[in-house]
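A, B, C, D and E are the chain letters, set down in written order, and residue numbers restart from 1 in every chain.
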Amino acid sequence: MEGLLQQIVNGITLGSIYALMALGYTMVYGIIRLINFAHADIYMIGAYVGYYCMSFFGLGFLPSLIIAMFICTLLGIIIEKIAYRPLRNATRISVLITAIGVSLFLEYGTMFFVTANVRTYPEMTGLLARTIKMGNIVISMQQILLVSITIVLMILLQFIVKTTRIGKAMRAVSMDKDAAELMGINVDSTISFTFGLGSALAGAAGVLVGVYYNSINPLMGMVPGLKAFIAAVFGGIGIIPGAMIGGYFIGAVEVLVAGYGNSMYRDAVVFGILILVLIVKPSGLLGKNTREKV
Amino acid sequence: SAPAGNEDEIRIGVNYELSGGVASYGQSSVDGIELAIKQINEAGGVDGKKITLVKYDNKSEPAEATTLANKLMTQDNVVAVIGPATSGAFKSQIPVAEQNKIPVASGSATADDVTVDASGVKEYAFRICFSDSYQGTAMANFALNNLSKEKAVVIMDSSSDYGKGLADNFIKTFEEGGGTIVAHESYVSKDTDFNAILTSIRGQDFDVIFIPGYYEEAGLIINQARAQGIDVPIIGADGFDSPELVNLAGADALNDVYFSNHYSSLDKDPIVVQFIEDFKKEYDREPDAFNALGYDVAKFVVDGISRAEKLDGESVKEALESTTNFEGVTGSFSIDENHNAIKAIKVIELQNGVQESVITAGQ
Amino acid sequence: MKKLIGLGLTYAIVQILIMTNAITGYLQATLVTICINIILAVSLNLITGFTGQFSLGHAGFMSIGAYVCALITMRVPTVYGFILGVLLGALAAALVGCLVGLPTLRLRGDYLAIATLGMSEIIRIIFLNMEITNGAAGLNGIPQFVNWTWLFTFTVGTVLVISNFIKSAHGRACISIREDEIAAEAMGINTIKYKVVSFTIGAFCAGIAGALYASYFYFLKPDLFGFLKSVDVLVIVVLGGLGSISGSILAAILLALISSYLQSFPEIRMILYSLTLIAIMIFRPQGLMGSKEISLSVFSKWASGLKSKRGRV
Amino acid sequence: MLEINNIDVHYGVIHALKGVSLKVNEGEIVVLIGANGAGKTTTLRTISGLKMPTGGTVLLNGADITNMSAQQRVKMGLSHVPEGRRIFAGLTVLENLELGAYLRRDKHEISKDLDMVYQRFPILRERRRQMAGTLSGGEQQMLAIGRALMSRPNILFLDEPSMGLAPLLVQEIFNIIQDINKAGTTVLLVEQNANMALQIADRAYVMETGSIVISGTGSELMKSDDIKKAYLGG
Amino acid sequence: MSILKVNKITKSFGGLTAVSKASLELEKGELLGLIGPNGAGKTTLFNLLTGIYVPDSGAINLFREGEEVALHGLRPHNICKAGLARTFQNIRLFKDLTVLENVRIAMNKNIKYGFIPSFFHLPSYRWEEKQSIDDSIELLKIFNLDDKKDELAKNLPYGEQRHLEIARALATNPKLLLLDEPAAGMNPAETENLTKIIGEIREEFDLTILLIEHDMSLVMKICERIYVLDHGMVIANGTPEEIRSNKRVIEAYLGEDINDA
C-alpha cells in the first residue's frame, strides 16, 4: 500500500513535467496547427538560463525562474518571427520541417557553446531542500512546488484562452486567419503572444526540471518533449485540460509499468495505450470527433 | 585521385560521435585526443613530422561511421583511425579497416566481440579499455568477495551495448558465485526519473545494487535511491567515472558507492597528476574517463606509428600489436593476442562524495 | 525505350568506374546511402505525398526489413540467402504495414502521425528487448552482399514500380484520398482499401531499404531506427516536394552532397545543416520540385532545343 | 468616401485586376456585377486589405490605406462579408457573433445589436450554441452577415450575400441592406442576382475579365440591352 | 417504375432532428426538385442517400434492373457503385489535380486491371488507360471543358467548377444523379446555360435527377415534380404549379411574390 502511494507521488511528479510541456505544445498547435518541435528545446534553453542564473550569478530560485521565463518568451517570439512567419501560407508539413530545423539549431547551437556534457544545478538549500516523510512515503518540497506551479499555470491558461479577449482572438485566428483579420484582430501579434506564452511555460518547466532532477544537457528536451507531445495528442491536441490529463496519464502509466510491470517495456506500453485510445477516440480523449460538414 | 599526404605530416583519422545521441562521449574523447596530439606536436612530433588529425562527425550512426572510415582510408590517406567511442559504431568500421589494411583503435569500445569474435581476431582493430566481460566479472567478484553481498538488484541501461554487456557478464558471474539477482530493472539513456523503479525494489530484500551504465543516469539513480532511503552499497563500472557524478548524486548521497576504473585521482602516479593538471589548464575542468581514454588512445596510436618500420597501415598495425608496458594515464598496459589492453582494474570507493580508497584488482 | 537505354548506360558507367577504382570506397558508401534514402523517400512519398497520410513510422518498417534480412543472411550466408532475406524482410515489413494500416485508418493528420510514430517505437523497443536481435548490443558481422548491381536493381526497381503505380488507376485513387477524402469516397473510391494498400507498398519498399542497409553496413542496432530516422526520411520527402518522385530522388542526392560537404566542419556541422534546412524551407516551402516531375522528355526537349539552335548557327 | 485608383492585382502569373478604378460615396449603395471570374471578389479583397495590390491606390475618407493591414482597416470602420462565408467553424454561433464585435467595448450596445441580429435571423437565436461549422449553407450565410453587422460598420462590403439563401430570405437580405443603408452605412455589394441588386443600387459597375467596362446608375444599367443579355437572363 | 424509395428516414445531431421521417419516391427518368428553407435538411438528406451519414432509422432502397438494393448502411463508395452520384453544395473538386484527372478518378470503377499490371504497366494497363482517357475527354466535351483538360481544377472559374463537378459525377456512370444547388453563385444567364445542360445530359445518359435549388426560375422550369422539406419533414409534394400555390410552402419558403425571382 505504501509502495502504491509512493508510486502515485512519483507518477504525479513525472506527470506534472509532461503536462507543463504539453500545455505549450497544445497552445501553439491550437493556433497554427504546428507541432512545434522546437518547444522541447526552448525548455532546454530555459533550463540552461536557470542554471547560469543560479550558479554564475548566484540568484535564488524565484528570480531565476522569472528570468528564464522571460528569456524563453523572447526566444519563442523571435523564432516565430524569423522561422515560422514567412511560412504562414505554406503547407503545414513544410512548417513542420522548419520546426525540426529550428530544433536542431537550438540543440547544436547550445552544444557548441556549452558542450554535450551534462551540467548540474547547484544544490538547493532552505525550504526547497526539505522533504516530508509520512511513514515510508517521501515527498520533497520540490515535488510539491512542481505540481502546484503546474496546476496554477494550467488554470491561468484555461482562464486566458476561454474568457479573455486575447483568448477569443487566439481561437479565431486558429480557425481562419483572414476572417480573424476581418474582425479587427491583429493576427501577427496574436500568434506572437501565443508563442510567447507557450515558451514561457517551457522555460518554467526547464528550470523546475533542472532544480528537481539537477541534471541538464543540450539534448534533454528530446525525450520528454516527445512524450509531452504525445500527452497533448492523447488528451486531444489543442485542448488545454486535455494536455493536462494526457500529461498525468502518461506519467502514471510510466510509473506503474516501471514499478509493477517490466521496466523494459515501459515506453512500449505507453505507446500501445496511446494507439488504443486513438483507435477508440480518433481525436484524443477530450477531442470532439467532429466530421467536417459536407 | 586523393591528395597525397604531405611529406612532413602524418595523418590520423578521427571518427567520432560529435552529434546525435552519444555526442557527449565522442566530444569528451576528442578533447582528450586533441590534447595528446597537441602535446606531441609541441614536443616535435614523430621523427620531426607533425601529426595532423582529420576529424569527422559520424552523428552517432554506425553507417555513417562506415562511410567516414571509407573516406578517411581511401581519400584522406590516414595511417590509422581513432574512434568511434561506442562499440557498435566501432565494429561497423572494422571491415573497412581490414579491406584497406589501416589499423583502427578505440578508447572506449568495450563490447567483448569488438576485437575478437567467433571468426577470429580482427587483425586491424585495437582497443585500450576494459572489455565488458572483464569488468562485469570483476565487479561481480568484488560484490561477492570484497563486499560479501549475495542479493543484488541490477538496474541496467538497456539502450546501450555497454550496459547490456556489463549486465550480462555481471549476472552470469554473480549467480555462478552463489549470489542471486533479486530484480533486474532497466532504463534508457537520458532518462531522469527512476523513482518508480526504486520504489518498486524498495520493498524487496537485497543488499547491493549494480548499475551498468554511465554517470549521467547513475548519478541520478544514486541520488534518488538515497532520497528514498535505500542505503545498500551501489556498485558500477568505469562509466561512473566523471567529476559530474558527485554533482549529480550530491555528496551526501555518494556513500558506499564502488566502481571499477582505470585510474584514480588519488593515484600519485606522476603521469596521472600531470595529465589532470594539463587537462585542467587546457579545458578548465576536471577530466573524466572518456577524456583520459581519448588521451591514451591517441598516445597509444602515435607510439605505434613512431615504432613502425614504414609509414603504412600494415606496419603501424604490427607496431601496435607489439605494444608492451605502454605507460598511459589509464594505467600501464600491453596488447595481448586478442588486441585487447591488459591492465589492472582499480575499484574506487566513494564516501561522502570523495574517493576514500582504491583497491587494485589485477588480472 | 529511351528510359531503358539511359538506365543501362548509368549502370554500366558506374560499374566501370567502380572496377577501375575511380569510385573509391567512400564514394561507394555514399552511393549506397543515397540509394537507400531514395528507396525510403520514394516509398514514404507514396504514403505521405501521394496518399496524404502523414506517417512518422517509416524507420519502423525499415528496421523490420533490416533485422529479418540480417538474421537470415547470418544463417545462410549465400547470395540466395541474401535474396531470400530481402524478400522476406520486405514481406514482413509489408505485413506489419498492413496490420498497422488497418486500425489506424480512422485517424487523420497529426493523430495518424503520432500513432505511426508510436508503432515504430514499439517495434524498436521489441527489437531492443529480444534475444535473437541481441538487444542494444546489436547484430554484428552481417555478411555484405550489396554491391552496385544489387543496389541499382533494387533502387531502380522500387522507383519504377512506385512511379508506375502512381500513374495507374490505383495510384489516382490514392491521390484522390489526399485531395479530398469525402469526395473520393463519393466517387466510388474505397478509401480504406487504398490507404491500406499504400501503407503496405510503402512498408514493403522500406523493408527492402532496410535489408540493403543491413547487408551493406555489417551492423545493426535498434536505435538506428528511432524517431529521428523517420524524421530524416520525411525531410527528404518534403524537401524534394510532396508528391514528386523525382523530387525525392533529387533531395536524397542533394542532402547526401550537403552532408558530405559539411563533414569538413565537424563542430558546427549540425548548426549549418539546420540553418540550411530552415533556409530551404523558407525560400522553397513547396520543396525543390513542388509536385512536378522531371521527365526524360524535358531532357529531350532541351536537347532538341540545343540541336535546333546549333542548326541555325 | 472610398476611392480606388488604377488597381492591379496578380495571383502569381494571373493578372486578375487590370487597372480597376471605382468610387463609393458616403451613404450610397453601389453594386458590382460581372461574370464568374471577372474579378469582383478580388476587388473587394483588395479594398479590405486581404490581398495586396501590385499597383494603384486605395483611399478611405481621403486617407491612403493601400499599405495598411486588413485589421487596421477594420478599425477604420470597414466590414467585409467574404465570399465563401468564412465563419469560424469550430466556434458557436454566439461566439462568432461576439467576434464580430471584437473591437467594440460598449457591452450594452453590443447586446442590443445581438438582439437585432437575432431578430433578423431567428434561426440564429435557435442555433446560438451550435458549432457554426455544422450549420446549413444558408444558415452560415446568415451568420456571416450577422457577424459583419455586429461591428456597426461605416462601410460594408458584401460578396454575394444572397447565395444559397431561400427566396424568402433573399428578399429579407435586400431589405436588410436597404435598412442599414438608411441607418447610415455605406454599402458596396457584389451580386449575381443582378435584377434585385440593381433595383436597390444607387450606382453600379460592371466588370469583365479584370476591368470595369460599364458604370452608371442602377436604373440606367437595368435598361441596357447588353446588360440584360449578359447578366439578367432572357 | 420507381428507381428509389426512401422510407421514413430520420437523422438527428444531438438534440436537433435534421431529417425527420422523410419519405420520398423517384420514378425512373424523372427530374425531381427538392426545395425548402435554409436548414430544412435537404443537404442532410443527400448525405444520407450517399452514405456520408448513416440514418438513425428508416430505409433507402434502389431498384436496378428489377433488383432491389438496400443502400442504408452501405459505405459511400459502394453506394456510388450501386449507381448514385452527387455534387456538393460547397464544391469539392480535387483542386490540385487537372480537369482530366478529376474525371478519370471518377471513372475508376470501370478499371478492371489489378495491382500487378499497374506496377509494371502491362498491356491490360495500357489498353484500359487509353480507353479511360478517351471516355473522359468525350464526357468533358459535353461541358465544353475538353480544351481545358490540363488546367488545374482550382484555376477554373466558379461556374466551370460547377460544371466539372457534374461531369465528374457523370463519370461514375450513375443511374441517379443528385445535384446540390448547382446554380448557386451563377448569374441568370449562366443559370440558363446550366438549365440547358441538365436537360441534355438527362437525355443522353438516361438519368434520373434529384436536384436541390433555391433558384426558383430553374426549379419551376425544369422539374417535373417537387418535394418540399421543412424542419426535416416533407411538407408537400407535387407539380411545380401545385407547389407554387401551396399555402404552407409559400409561408415557409417562397414568400409572396416569387414571380420576380
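Keep this in mind: contacts are C-beta pairs under 8 Å (C-beta built on N, C-alpha and C of every residue); 3 or more make two chains touch, one makes a residue touch a chain.
Remember, it's a predicted structure, so these values are computed and weren't measured experimentally.
A.B. asks: Could you name all chains that are in contact with chain C and with chain D at the same time?
C.D. replies: Chains that touch both chain C and chain D, as defined above, are A, E.
A.B. asks: Most remote chain relative to chain E, going by C-alpha centroids?
C.D. replies: B
A.B. asks: Using the stated contact rule, I'd like to know whether D-E or A-E comes out ahead in C-beta pair count.
C.D. replies: Greater number of contacting C-beta pairs: D-E.
A.B. asks: Of the other chains, whose C-alpha centre is the longest way from the centre of chain C?
C.D. replies: So the farthest one, by centre of C-alpha atoms, is D.
A.B. asks: Averaged over CA atoms, how far is the centre of chain A from the centre of chain C? Could you give it in whole Å?
C.D. replies: Each chain's C-alpha centroid was found; their separation is 33 Å.
A.B. asks: Where the CA atoms of chain A average out and where those of chain D average out, how many Å apart are those spots?
C.D. replies: Going by mean C-alpha positions, chain A sits 43 Å from chain D.
A.B. asks: How many angstrom between the C-alpha centroids of chain E and chain C?
C.D. replies: 41
A.B. asks: With centres defined as the mean C-alpha position, give me the chain B-chain C separation in Å.
C.D. replies: Computed value for the inter-centroid distance: 36 Å.
A.B. asks: If I count partner chains per residue in chain A, which residues reach a count of at least 2?
C.D. replies: Residue numbers touching two or more other chains: 108, 111, 264, 267, 292, 294.
A.B. asks: Considering chain C alone, which of its residues make contact with at least two other chains?
C.D. replies: Correct list: 128-129, 182, 267, 270.
A.B. asks: Can you pull out the residues of chain E that are in contact with at least two other chains?
C.D. replies: Expected reply: 43, 52, 88-90, 92.
A.B. asks: Can you identify all of the chain pairs that touch?
C.D. replies: The complete list of chain pairs in contact reads A-B, A-C, A-D, A-E, B-C, C-E, D-E.
A.B. asks: For the complex, give me every residue of chain C touching chain A.
C.D. replies: Within the complex, chain C touches chain A at residues 48, 54, 103-104, 106-108, 110-111, 113-115, 117-119, 121-122, 125-126, 128-129, 182, 227, 231, 234-235, 238-239, 242, 267-268, 270-271, 273-275, 277-278, 281-282, 285-287.
A.B. asks: Using the touch definition from the top, list the residues of chain E that touch chain A in their complex.
C.D. replies: 43, 47, 52, 88-90, 92
A.B. asks: Can you name the residues of chain E that touch chain C in the complex?
C.D. replies: 50-52, 75-77, 80-81, 85-86, 88, 92-97, 101, 104-106, 108-109, 111, 113, 115, 117-121, 125, 128-129, 132, 168-169, 171-172
A.B. asks: Using the touch definition from the top, list the residues of chain D that touch chain E in their complex.
C.D. replies: Its residues touching chain E are 14, 33, 35-37, 84, 123, 127, 130, 134-139, 141-142, 160, 163-171, 192-196, 229-234.
A.B. asks: Across the complex, what residues on chain C touch chain B?
C.D. replies: That would be residues 22, 24-26, 28-30, 33, 128-129, 135-138, 140-141, 144, 213, 217-221, 223-224, 228, 263, 266-267, 269-270 of chain C.
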